[in-house]
Structures are given as C-alpha cells and as structure tokens.
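I'd like to ask you about the structure that follows.
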C-alpha cells in the first residue's frame, strides 16, 4: 500500500486483509454510511437516505486517511413505516449492528469511527448511539462520532430553505436531483408534517398525507450541490476538530 | 410502472413508494444479497463474498418478476475472524436483520423471499435461517429460500475443481477475477484447511495459515464465468420450482 | 368517587382498586413523572430532575381528569454518569419500565398517557419513547405523550435565559430554588458544556468540569416560578390539543 | 457533611454530588425501598406495599450511617394482577432495576445495600434477588440484603394474628391505619385465599374473591404500631449482624 | 394403545408419535422431573436431587393417566455452586426450558402439567414458575403445578426430623439410601447452614463448611422409604385436588 | 478414587463432589449426550435420538478418562415439529444450555468437552455450537467438540445404506432395533423426504408424509450393531486426535 497514489476513497471491501494490516491505524478514520429503505414521497426513491450519506462519505473520505466501510442501507423507521415500501429494522437490530461494527473495528486496532446516517429518525439515531456507547464502554480507546448529515443540512433552514422543510422536502429533493437525477420523478409534491408534538401514536403517517414535509416545487440540482458542499465542508471541520486529525 | 420496459434488475432503493405500491405482489420475488467483510487470502478483497452474491443476484433478478433489496455486506464470521480486517456481526445481529427484513416484506404484502449469501459460514447460515424461521412462524404466507451460492458452486468440486477447494481458493478466485479483476492481487497463494473436524476452538485461524483453502495458481476469469453461469442457471431452476414462478 | 369534591391531584397509589374501577376511563389522563438520580453541580441535589417533573405534574394534574402514577426517580444517565452519586439505569431498564407501565394502563382501560420526565438525556428520552412505541404497537387505542419539561423550558433560552444555559444552570437552579429552596447550597457555580459535538466518548464528564452548563449567579426563586408557570401553561395547552380533553 | 447534626434519614436525592463524594463509604448502608401498585382489597390503597416499606425505611435509616435511595413504588404482581388498578412490572424489569441500582452503588464505592420491599410476591422477590445476585457476581465486594418486611411481620402470625392472615388482611390493614389512616376506607372486609397450592393458573384472582386474605374487622392503628415496632427492631438487629455495622 | 394393560409409568420418549396422538388428552397429566448437578456433601452423589424427583415421579405416574417427560437433571444452583462438581444452569436457561416444554405440551393438546423438582433453590423454583407463568399467559387452558418434593418432605421437619435438617441432611441421605444405596459413601457428615439470613453474597458456600445442613448419622433406608411414601401419598392427593383427575 | 478399578462409564451424577475434586482434570474428557423428543415415524419412539447418543456415549466413555454428564433429552426441532408428540426447545434454550454446561465445566477446571447429539437438525446443531463458541470466547483453555453421531453414521450412506436414508429410516431403525428392540413397532414404513431444497416453510412436515426418510423394511439389529461399531470406532479416533488424549 505504501507507494500507491490514491485519489478516491478507500473502500474496506475492496482491499485485502494484508492491505488492512498495513494501514497505519493511529490516525485512521473508519467511516460507516447508514441509510434507510423508506418512503420519501411520490417523487423520491426509497433509498434516498443512503444515497445522500454515501455521497457525502465519498466526498469526505478522500480528504482524510480513512477507510469506508460497506454501507447499511436500512434503518429504524417509525413515522413513515406505514407507507408502502418502507422496510424498517428494529431498534435492537440497528443498535447491535452499530455495536458489532464499532467493536470489531476496535478489535482490529481502529479507534476513530464516524457513523454518518442519511436517515435521522430519533429512534434510529438513538440506536446507533447506544450501540456506539456500549462499544466505547468496552473499549475506552474508541472515539465515535454519530450524526446525520441532516444535523448539518438543517442549519440551512430558515436561511435558503423553509423552516418547515423536512422529510422528502426541498432540501432532500434538491440533493437527490444533484446526485441521482434519473431517480427523481417529475411530480413536485408539497406536504406538511402535522404529527401532534411529542406524541407516540399507532399511525403517525396519517398526519403527513403527502408523505413529505415541505414544498419541492423549487428544488434544483444546483441547490442540492450547494447543500452537499455545505455539509461536506462543515463535516470536514468537525472531523478535524473532534478526532484531531488533519486532511490529507 | 405499467408501461415501463425494464431490462436490468429492479432495485428496491431506486423506486418510489408509489412504484412499490403498484407492484403485483403475488408472483413477485424479493431478493436479499448478503455477504461478509472477511479476510480472503492475500490476493482477494475483504468484500469477496458480497461481490459474488450481488453479481449472481444481478443476473437472476432480471429473469423473474423481482425486486432486489439493498445488500447486507457483513456476516457472522468465525473461522477467519482472527485475521486482520474481518469485521464480523454477532449471530443475533444477523438473525434479527434477517427476521426484520423478511417480516417487513410480509407486512408489505411480499411473501416470496430469496436470501442469497456469498458467505457460507455455518453460524452465519444458521442465523439467516433462524431469522427466516421466526418470520415464517409469524406470517404463514411466507415462503423463504435461504442459501449460499456456494451451496451450488461446490457441486463443481471433484469435477472441474479440487475436492479441497474452499475459502479464497480456486473457485472463489476465479469468480472475483471474472467480476472484479482489478481487485485481485497478483499473488496466487495455495493453502490448506486443517481445522480439527467438529472442533470449536478459540483460534481456528491458526489452522489455515495462508487464510485460504485451495490452490489458486490456475484460477482464471474464464473459469469464474463458467462457475457463475452454472450457479445462475441452477439457481433459476430452483427458484422456478420452489416458488412456482416463471421466468419473464 | 362520584360525589367527591377533589382539589389536589389524584395519586394512583392513594386510591383503592374499587376507586380505580369506578373512574371514567375514556377521558382520563394517566401521568407518569420520571426523573433521575444524577449529579447536578455542587449546589443542586441529585434528585433535581424528579423534583421538577413532580412539581409540574402536581400542578397540571388537578386541571384535567387525571391520575398521577408513582414517579420513577431514576433515569438513564450518560454525560454526568462519571460524577459521584449518579445512579443510572440502563437503556433497557428505562425502556421496559416505560413499556410495562403503559401496557398495564392499557390493560386497565386507560389509553391516554403522559410521560413527563425532568431528565432529558437523549438516550433516556429514546428509551421512554421506545417503551411507549412498543406498547402502542400492541394496543392501538393508546395515545402516549412523552416529553421532558425541558422540551418546553428551553423555549426560554435566548430570551430571559442564556442560549448556553443547560444542565444545572440558571433555569434549573431557579426552579429548584422555587420548589425545594432548602436543598440548594449557597454556592452559585458557573460552568460550560464543551463536549465535542456528536461524539460518543468514554468520559464525557471531563468536558464539563463544573458539572453544569450555565451561570447560576442570577438564579432566583422568582425566575423559577415564572419558568414553571410557563411550562405548566404550555403543557396544559399541549395536553388539551393532543388528547382532545378539556380542563376540569 | 462532617459537622452536620442529622436527625432524620439522609435521602440520596436530597444531597449533592459533592455531599455524596464526602460520605464515608466503608460502613455506609444504602437502602432501597420497593413496593407495588396493586389491589389491596376494597379498603386499602393501591400503594399499600410501598407505604409500609418506606415507613420502615424511614425509621431504620436514622439508626445507621445510611443513605436512602428513591423508592421504586412498583413491583411484579401475579396473584392480584387481575384486579382493577394493578400496574405490574415484568420480572425482567424488576430484575434489571435491582441489578442497575446495586451495580451503580458499587461503582460509586457503596458496597452495603439493603433492598426492603413491602410487596412479597415470590416472583417479585426472586427478581430483586436475581438482580442482586448478578451484581454481586460482577463486584464481589458487594453485600446485599434482600427481604420483604413481611418476612419479619409474618413472625407474628399464629401469635397476635391469625395463621391465615395475608394480603390486605389484619396485619396490613393495621399498619396502614397507623401510618396513612386517611387512606383507609371504612369497610373492614374479610376474605380467604383459596388458590390451589403450587398451581400456576391463568386467573389466580378468582380464588381470592374479596381480594384479601384475613379478617380486617379488628385491625387498629395500635396493632399497626406494634407490628412496625417489631419489624423495625428485628430488622435493625439483622442489619447489625449481617453487615457488621453499629447503630449511630 | 387402547387395549394396553400398562403397569409402570408411561415414558414419553418410549412411545411413538402415533401412540402420542392416540392418547386421550383431556385428563392426561404430563409430568416433568427436574433435578440438579450439585454438591451434596462428601457422601451423596451430585445427581441426588434428580434421583429423588425421578423416584417420586415413577411412583406417582402409574397412579394417574399420565405421561412422564424426559428429566432435566440440571438446575440453577447458587448456594452450593462454589463446591467442586456443581454444574449450574442460568436462571434464564431454566426459565426458558420450563416455558418451552410446557408450551409445546399445550401445542400438543396436553394442558395438565406437573413440574416436580428435587432441587429446591429459590431462584431455581422461581425460574421454573416464571417459565410456567409465561406459558399459561399464552395458553389459558393450561394448568401447571410446580413444586419441589421438599415442599412436602419438609413437613416432616420438627417431627421425625430436625428443624434444621436441609441440603444433604438426614432426610436427603435417608432417601438416597433407600433408592440408590450403592451411591452413598460410608461417611455420615454433620453440618450446619449458617448463611446470614436474607443475604446475597459472593460466596455463600463459605457458610456451609461441610456442604450440608443436618446430622446424617442416623439416616437409614427405612426412614427414606417412609419419607418417600409420605411425599407420594401427599402429592397424589394434591394432584387429584388441583387437576380434578382421579387415580387409575 | 485413585485405586478404583472402573469398568463402565463414570457418570457425573453418580459421584460425589469430593470424587469430582479428586479427578485429574488435564486429560479428562467431559461428555454431554443430547437428543430430542421428536416424531420418528410410526415405528420408532419419540426418544430415538437420545437413545442412540447415550448408547454411543456409554461405549466410548470407558475408553477414555472421562466423565459422562446427565443427558439433555430434548432438542430444537423444526422439520418434524408439526407431528404429534414433538416437544421442541427454542434455539435460545439449546444455545444457553450448551453455554451454561460448558462454561460451568471450565469453571470446574474441565476444558475438554465432547457434545454428542443424536438429533442432527441444522438449527439444533448451530445452537449447540453457538453455545460452545461463546463459552470458548470466554475461556480460551476450552476445546469443545460438537457433533451428531449422524455426522459419522451417514458415511455409510451410498455404501451399505441408501443415499436417501435419513430421519427414521433404515439406519436409525436398525440402531434402535439393536439397542432398544422392544420399543420398535412391527410396522416397517417407507417414506421420502421431499422438502423443497433450501426452503424455510411454515409446514415442512407436509413434505414428509410418512414422517420418515428411507425404506425400513430391511432394518435389522445386526445392521444397527455394525453402524454403532463404526460410529464408536471412528469417534474414538477423532477424540484421540482432536484432544490429544489416549485411550485407557
């Protein structure tokens, strides 16, 4: 691996055991992209969340000494679970997946881990964090960063985007238009998110009749590009700061 | 979806919720590819298992009314877990992942499910089957087929390939040479699998010093192609017979 | 129970089985207060969270046809777990407690449930919600509201209180000065919350050296009273709206 | 804390983290009161069990260097679960609560723990003990005493009280008359406990039609006082002997 | 099976599936003997508990329409776990074994079940009962009796036997002398059970230095026979009463 | 124990704690026989699997320094679970039983363990192995051999016995005729095993209408004897090789 002049990201599943053994682990960042298979309106594909997370990961991975793990393109879904095509994992499955992968990285000598998820459901995030928490308790060398790219992208709400923009809305539609334009249908739906605050209800999907939150009529690939640039830039800064590692 | 003239496989993450709702479910086959992130000798990439399963799935998917689920590129690994780079899931994680996905498919009205795994560890297979078993117990409309492509490919041992060929050996090397040639290193190792029969031991990897079973010196993409053709052909016949569905 | 002229809250543990049987269940709200046993700076007691939740519950309980369940004065604590005196429950214990109590209420014919927690850790909240979620999945008549009083109190940050006020800070100190003044020590510490964003770390308490977030020097019982009034008022409105029940 | 002249019990939730840190742990006894929310006849409140345990704890706590933990006012209920108002926890919830609290005490350097429960159901007791057992296995410095005050109070059956007195009977009614007289209804029911011996049945409550065991017609606060005196006295002796600590 | 003239017990593992199908299930009693593999003094074998339970079961089985299940010769052991040769199951294993067997009997149409255990540890008994409880909750036709033969044999303490007789003592020694005399060593140890009351401790075996409770010097097969006669007689009466079935 | 001239196997439940303590552990082999309670055709008893395993164990036990543990005469059954009389354990029960027993042996200083099961269902085998795997991970001195006697007996298929012989067939019938002839009914059924390959289905028993696989018309005790001789001989060689211990 020593003389290789790498440009793109290094994917864990594309290197050999020997390559892996030769990686310098102390400043290495392992990155796990996570998504969901979930309804995202009549215009966006079920894999919308994973596509965004994987795109962001592709862009940040080559800026650090890093290794990109195979994605988990499933997540724990509650709100949109009632819509056709959503295939949700249980809380426990997401948690134990997160625990297993992070623990196995530590067993392999990799202690800096970024879990980036395109799905930002609160249960899903809690499951990823709980898995990370348990791994950290067992191996105190670990430093794990768990976030959704929407923890960053939503900074732009109230600025370029509406305060009410959300699931399948203007931001998300613009991003998919940027990265997978052929998968976006021509319809540009508009919908609101009227789930009673703080309520745990049997059928939350009834309160989002269009299955989305926001007005997608002005979504564009250019906006999508700007959002991704913003997310990537901000995320790189956070990584440098949180892990104390520099860009390559 | 009605007027679409599809050629390649239909990937679940690329269609919308509405597309999904419009699929005719009664003869639809959902296909879940599963792999591992596991040492495969000094010449093959860690993602070897998933690559083979996904290749087979790509080829069979367009021959049936089917939908391809996002892959799980991890598995439960025991024998090769001690080698660098193996990231194993626990038995329970694989089991509950299998249960969740199959149950969610049934909840969505999809009852024919094929789980095809490129990793064939006995614990891993048992976990996938136990998850399927539990899903079937809860929804008796389900018909689930769980197998490794090696349940088929190993038919060729004792014929074109050595009886002792196995993990990372001639068959596996040939197949990766066929589908992802750039990922195969130039070395062509040879190794034997001397794990004491029936033993559960703390470090089974000690008994496979080269990390592979077989002689890879004569592996070739042509042989890989023939193996995959055989696997695809035989699997299509099994699918037709087991699910009672015809090719499109 | 019919001719009773009740003034204060009705506590479940103070009524008999027969009293309980005679309650009209359809508009009845069951309220579960939850707290924690957790470090809250050098000046506030370990039971700070429960005290606030129980105070709010006392005040709202008499405004609705309601029944107050015995409190759980423990919670899942991560950030402040490393400080002396924190006695944390596991995620699973909080989750199963939440599930059990809500399920048992449903078994008893009570379907409107408010879980109000004074501890607002994200894992703790996720555990309470997951327990509620599982109960709702099993009994679809249930409507459960799960929130922390800090989901409301923090509305006041950036207004009367600093944006950075948090754990053991000005708001929390003021509230305890209002409701349990004798338990507040004379020191008025000041501290900052410098936990790296999105990080799961072995010792987060190192990043909050004073064990609090905020400047408590201007805390006062009067401010505490105003906060509680605000929380109570806003919570009553939410209850009316979410459950469709009117004040008595 | 050193110059404090304490009279009443020291409640863990009323002291600060710093106070806690300064406690001398080697002879300190942590006391956890546990109850239930369970039918206790037409005359006694649902919280009867917790009230008794908390009263006993209040009385013994000031006689030893001790700290009283917040109570758990719920328990695992089987026999009376079928009556209105019983809110039972599962065996696992009680067990893991017991484990968590005791383990966290040990993590904080507190190794002498008394769990006193007013509810004495055999499953409930087993759950508390199993939680304690697991904690002890992980931290062998721990010494845990788990009992119900009825393990002591029933010494008085066959003496001042009937051999058949039990749940909601003469003893229990007298004790609540002593400590919470306003909560006892005027009716003085009489009932028998005819559950077939050793049987696990779907509806055990059918065999205790009055929901109690005993004749409450002669219950009195004076008798209640005598019972509590007896329990407190005997329990103090057991504590001294079992933990090797002296009264203050 | 109809014309069979059976004398001894009917063992489930000795009959065929067809025989089983032809059994009249409504008055049939299934009997599960349970024991332990546990230290019982220097004179008694590790399997002492199972031997007694199986002997009692052999004797009662032919008196009722019954079927004897294969024994579980293991149990959950705490007190004597620290002595050589004790092989304890976990609480959860015993519980789930009990649940599985009883549930499977119900699935087969057998609803009257007796679980008789020679090991009477409180955790072990609780595990058997909890398994039975969960099975009964899922199938309300079930009637399950769970007891130890020592729940009956200890009636004789304070009469023919010492009040302090217990584990490996006079009663137990006499019973094994009666049923498996060759397995009893010549030594007749004497020991006392000084485990501090109600304590959960890391090494309870330290408080029973001889590993037994009682004076075995006067144990005899004749006494053993009388105890077993008593247990069998009393158990038969309980069975008749609890299940409403008559002797054959 | 030192001067004992033992001939038959040493059963763990027949020796005392002191005997156990005095055993030389370093070359000692602990043997756990496992079976099932499962339909085996109209002619063979439900306990068929355990009988074979226990017979083999009896024969091999006296050839090594060994100790025979009490059998588990239950297993996890899937294929034949739908037939009358099958009493199946769950996967988790078998796994935790295996884990508990093996872990407890290691705690007692016994590190060589053979688990021999007469039931060879793939889930059942996986459960036994997973339990062993977890025990080995916790105690790396352990060496555990897990196999079914059918892993050996099926060597004889395609030779003396039909390739299609299986559950309840010629081999199994012959073996039971050899060891428990009175338990075999006179009928000699013939049946085929037509479960669709690799399928997980709700009612697999529908595909084996006679409940057996094979032609039992030529089964004989002599053949049974030869099979057992073969199994015993081969197993002894495997034990010597895998554990490095010599015959006594």
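Letters are used for the chains, namely A, B, C, D, E and F, taken in the order the chains are written, and counting of residues starts over at 1 for each.
As a working rule, contacts are C-beta pairs under 8 Å (C-beta built on N, C-alpha and C of every residue); 3 or more make two chains touch, one makes a residue touch a chain.
These figures come from a predicted structure and were not determined experimentally.
Note on connectivity: the fewest chain-to-chain touch steps from subunit A to subunit D number 2. Over half of the residue numbers found at the subunit D and subunit E interface occur in both copies, marking it as a same-residue contact.
Subunit E and subunit F have centres, each the mean of its CA atoms, that are 25 Å apart. Once the centre of each chain is set as its mean CA position, subunit C and subunit F turn out to be 56 Å apart. Here the CA centre of subunit B is 49 Å from the CA centre of subunit C. Shared interface positions of subunit A, i.e. residues touching 2 or more other chains, are not present. Arrangement of the chains shown, judged by which pairs touch: one closed cycle in which each chain has exactly two touching partners. The ring of touching chains, read from subunit E in the direction of subunit F, comes out as E, F, B, A, C, D.
Of all residues in subunit C, only 11-21, 35, 37, 39-47, 50-51, 69-74, 83-90, 92-93, 96-97, 100-101, 104-105, 108, 180, 183, 185, 211 touch subunit D in the complex they form.
Residues of subunit F touching subunit B in their complex: 78, 91, 122-123, 125-127, 129-130, 132-133, 136-137, 140, 142-147, 151, 196-203, 238, 241-242.
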